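Some structures are shown below for you to check.
What follows is a pair of complexes built around chain A, which joins chain B in one and chain C in the other.
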Partner chain A sequence: MTLLLDIRGLTTVIPTRKGPLTVVDDLTFTLESGQCLGLVGESGSGKSMACRSLLGLVPVADSTTSGQALYKSNDLAKLSETALTKIRGREIAMMVQDAVSALNPVWRIGDQITEAMLAHGITRTRGEARSRAVALMRQVGIPDPENRLDDYPHQFSGGMCQRVVIAAALACNPQLIIADEPTTALDVTVQDQILKLLIALQRDLGLGLLLVTHDMGVVAQSCQRVAVMYAGQIVEIADTPDLFTAPHHPYTQGLLDCIPRLDTAEDSLRLTPINGMPPDLADLPRGCRFHPRCPIATEACREGPIPLRETAPGRLSRCLRAEDMAARTLARVSA
Partner chain B sequence: MTETPIIPTGRLPLLGSSVVRRLIGQRGAMVAGAAILIVIIGASFLAPWITPYDPLDQNLRGGLKPPSWEHLFGTDNFGRDIFTRVLYAAKIDLSISFLCVLFPWVLGTILGALAGYFGGFADTLIMRTVDTFTAFPFLIMAIGVIAVLGPGMTSIYIALTLAGWSMYARIVRAEVLVVKRAEYILAARALGFSHARIIARHVLPNIITPTIIFAMTDIVLVILSTTTLAFLGLGLPPPTPTWGTMISEGKSFIFTAWWIVTLPGLAIVLVGISLSLLGDGIADWLRNRE
Partner chain C sequence: MTSPLMDIRGLTKTFSLPGGPLRRLTGRGPRKLTALNDVSLQIHEGEILSIVGESGSGKTTLGRALLRLEEPTAGEVDFRGQDLLKLSHVPLLAARRELQMIFQDPWSSLNPRLSIRQTLAEVLYVHGIATGARAQARIAELLNLVGLPPEAADRYPRHFSGGQRQRIGIARALAVAPSFLVADEPVSAVDVSVQAQIMNLLIDLRARLGLTMLIIAHDLSVVRYISDRVGVMYFGRIVEMATSDRIFSSPRHPYTQGLLRAAPRPDPSRLSTTVAIHGEPPSPLNPPKGCAFHTRCPWADARCRTETPALTELHSDHTVACHNHDQTTEFT
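After this line comes the complex of A and B, so read on.
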């Protein structure tokens, strides 16, 4: 396993009429090849912005990205647009949220898969690109690829469009795939198929996969490690089983309490929501950003920025009371 | 995009199109327009075989003859056959008009796409230039440019391109502003395509239809403008036959020899009507297809 991504303190600020807005704050995580990292958080927590910041694709003019985003030995945050163009698609491929609208309506499916190969010079001739496109379409489970190559996107269902998007992302043999909510626009049965396909491809090809989602179920099913985002910050990173058994941040605990469980006693069937609303990024609370909604907040939580710190081997948390939480979980499990 | 985009249609009511269209129906109107235009273009190319005369040959003894079987449209004050001159002029007038729509379309589309796609300083620079150009009335601008450059074919192209490009730039910029936020543009960026490739292959194919629709209505205005410029003596210098110069030269004989002015004028009217019928038909078809 080689280290693909080493992100340290990546911060993206976009200018607004009300003043600068820090949409991604102190993003820190690592991702190895062959590893699937889940990035979870509710809508507006900065997941998509984090992905786009990595590739220099923040859709706002005059946004600034600082910090370090090492891909192999290149710092993505400092590369020029030209250098980034060579990495996007070729080394790191990102799949955007809505597969149906991610395909350009005026071009045939085949052209959309081959374009990346031709643009990055992976294949020399159109014929070569087309035969590779057929192979890719077969690999992602599109039936009858030879004929469907010449279809237009509107002739494809949502699930099939998502498969095409995956094929286009794989076209240049990237090392890392960033999948931004790949299953959100699909219905539940198709979601499951696409997720299984994505995980299978990632394992077979030994890719790094950054899977952005708001669905804890998806994370449990597919990711080795999880990073939880809240209000633009990562609040906890841990291996998936550790995170699910004993979260080290009350926000993670809150997210887990929102999942219906079938394996516990009857009295806990009632779901516990997280009280309150996520904060406005322009008007963040002082101290811990979660403290107004936190059931275990203390006076100390209201003071100063809280750093992301190691709370156990291989685990990071942005909570002052992480150890207390761990102790409480331990007590609950043993009781 | 199911809704018809609201685009400004021509600066001029389409010549009689609604009346004729009511008479022969929508599809029929388009076919009629195309048919008239094909006949005129065909005749202009086959002119040497259709008439026995040369458009420049003078016959001072046979001047100012009214229409007859020998001279279908009569002769002018130099004894030149007007029918022959109208046919030869058709080729010149139509090709000038076609290019004077093509050039502004290309220039306006490129600049509008750059302004819309990149935004910021490029947008400000290009769109304020557009504002400056739109501030001048179409013909005033064209006349001004030709007055500076001197009459000639190249001057006409430059003048009508400068006078006409700004509307295309506006349409294209507005469409690009919508399309550049589409997911497939972000997807294209995420796959590592250059800006040039994205504009050419992903933005322009999705926004080009409204500009073609506008060009279809614009061509009528352009043909009237080229003939107007010729009438004002800013077109091609004599003796080259163009409809505008023919009318201009014949205007002093309007009470004694009406055919010198009237028949080239009717040719302009006929081309104008056929172009607007055809243009309207194509524009409707493109709109429905969207």
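After this line comes the complex of A and C, so read on.
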């Protein structure tokens, strides 16, 4: 296992008409090769912006990113655009949410898979690149790849387009894949196929995978470690089994309580929602950003910024009452 | 059992797709897409019936056809003794005081230039229910019913989050005091923490107002909490229908079983690495012969490839359309 990503205090500010807006605040996590880290959060929590900040791809003019984003020994946040271009697509590949619109509709599938290989000099000739594209398409489960190489995206279903995007991401033998909601646009049976394909490839090739999702089910089934985001900040990081059995942040607990489940005995007809709504980033509450919705908030939670701190070996939480939560879970389990 | 509130028989909807000039010249005519294929079901007073299926299964067309937002090609929809499909414009408008719809996308289903007060007053006016002070009182009552503060009335849709907009959509549907609601994916566009709020609201409204609901959804886990009965659609047909308990504990159609297995479980101690259902739904322009699911079904045999299975009753509350349903009893 080698350390691929070491992110410390990465912060992205974008200018808006109402003034600067901190969309990613103090992002801190690590990711090793062969590891799948889930980045979960609801819409607007900053998870997509976090990925884009890592790669210098924030889609807003004049945004500023500070902090440290070490990939191996390079600080991505300080690299020049030219140096970043050599890493992006070559060593770190990114998959976006909507595969159908990620592909260029007037380019043949084969050309879209080979583009990065030729640009990064992975293959010398077009012929070599095409035969590698065929092999990749077969690897991601596209039937009859030799003939489909010259098809256009509209001739593929949504699930098949997502497979093409995976093939293109793998084209340069990257060490790290950042997948931003790779299955959200797909139907549940196809989502299941794509997710299992992605996880199998990640394990077989020993890749690091940063999987962005809003679905706790997807996290449970694919990630070894999870980071939970709320209002632009990571509020908790833990190994997946620990996070699901005993969350150290009340937001995580709330998320777990409000997902409808298929796998538990149904003893009540009601779900427990999290009251209220996520805050507006332009008008954040003082202190803990979750305190207005938190069932265990105290006076102290309303004061000053709350740091992300170690609450147990290998676990981080941005909650002042993490220890009390752990005690409560223990009491509930033993009861 | 009492007679159903709504009795749907043989409902079919075929869309014609205009072909290109080549199709016209060769005289082959427009292509036909059958979105709903001979769907029959009953909905009883006060129940919540959910229809689940993937995109293209016809579930949305079903909901829209019941309210004639989409004109069905064939079939009958009997509601309180009258066939909705035979009503002319004026009686249909009257019938819609009983039948209302909640739309999927709270971003596009509200007029951005109307305040919430105007949106709700319009419904009251069009249906001749109330004007002036009585309308204002009704608007306040509706907002209270869906858990929004009275100040919300003078704001515009852009001031609200997705969950709040969905509450406004529900208030608009309730404005005419309907007895039957069709909710098309009521929570698919809102975040999970808000989703539970909306589902609880629907459950409360049923209890308070004695509503009957048809809920259309793609997410089985959402449906489980809210439904009395669940119907599963695949390729324009209902393939299985049962009480919520039975669908989730002993599904018998291989497609239902696959859907349940494919939903990612929020439990890291129970990992699965096998794919639930291989392949993708067939093209609706080129439907397979026999059972539409045979192209993906692990149980498919020669009969499935030629003969379309009919819905068979396994139990008074459980019907399934599968030739091999006596073999599909194992489900974990």
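The rule we apply is simple: the second predicted complex is superposed on the first by the 326 of 335 C-alpha atoms of A that agree within 3 Å, B and C clash if a C-alpha of one lies under 4 Å from a C-alpha of the other, contacts with A are read in each partner's own complex, and residues count from 1 in each chain.
Following the convention adopted for this analysis, a residue touches a chain if its C-beta (ideal position, glycine included) is under 8 Å from a C-beta of that chain, and two chains touch if they have at least 3 such contacts.
It should be emphasised that the depicted structure is a prediction, and the values quoted were computed from it without experimental measurement.
Trainee: Between chain B and chain C, positioned on chain A by superposition, is the outcome a clash or a fit?
Mentor: Superposition result for chain B and chain C: fit.
Trainee: For A:L21, is the partner it touches chain B (first), chain C (second), both, or none of the two (neither)?
Mentor: Neither partner.
Trainee: Between chain B and chain C, which makes contact with more of the residues in chain A?
Mentor: C
Trainee: For A:V60, select first, second, both or neither according to whether it touches chain B, chain C, the two together, or no partner.
Mentor: neither
Trainee: Could you work out the angle between chain B and chain C as seen from chain A, using CA centres and rounding to the nearest 10 degrees?
Mentor: 80
Trainee: Of the partners chain B and chain C, which touch A:Q193 in the superposed model: first, second, both, neither?
Mentor: Only chain C; A:Q193 stays clear of chain B.
Trainee: Which partner chains sit in contact with A:A119 here, chain B, chain C, both or neither? Use first/second/both/neither.
Mentor: Only chain B; A:A119 stays clear of chain C.
Trainee: What is the contact status of A:L284 with respect to chain B (first) and chain C (second): first, second, both, or neither?
Mentor: In the superposed model, A:L284 contacts neither chain B nor chain C.
Trainee: Should A:A102 be classified as contacting the first partner (chain B), the second (chain C), both, or neither?
Mentor: first
Trainee: Taking the superposition on A as described, I'd like to know which of chain B and chain C A:H214 touches: first, second, both or neither.
Mentor: second
Trainee: Quick one: smallest Cα-Cα gap between chain B and chain C in the superposed arrangement, Å?
Mentor: Comparing every C-alpha of chain B with every C-alpha of chain C, the smallest gap is 11 Å.
Trainee: After overlaying the two complexes on chain A, where does the chain B footprint on chain A coincide with the chain C footprint?
Mentor: Shared contact residues on chain A: none.
Trainee: Can you name the residues of chain A that touch chain C in the complex?
Mentor: Touching chain C from chain A are residues 42-43, 157, 159-160, 187-193, 195-196, 199-200, 214-221, 240-241, 244, 254-256, 258-263, 266, 269-275, 277-278.
Trainee: Which residues of chain A touch chain B in the complex?
Mentor: Checking each residue of chain A against chain B gives 55, 57, 59, 61, 84-90, 93-98, 101-107, 115-116, 119-120, 165, 168-169, 172, 178.
Trainee: Show which residues of chain C lie in contact with chain A when the two form their complex.
Mentor: 54-55, 161, 163-164, 191-197, 199-200, 203, 218-222, 224-226, 245, 248, 258-278, 280-281
Trainee: Which bits of chain B are touching chain A when the two form their complex?
Mentor: 119-120, 181-184, 186-194, 197, 201-202, 205-206
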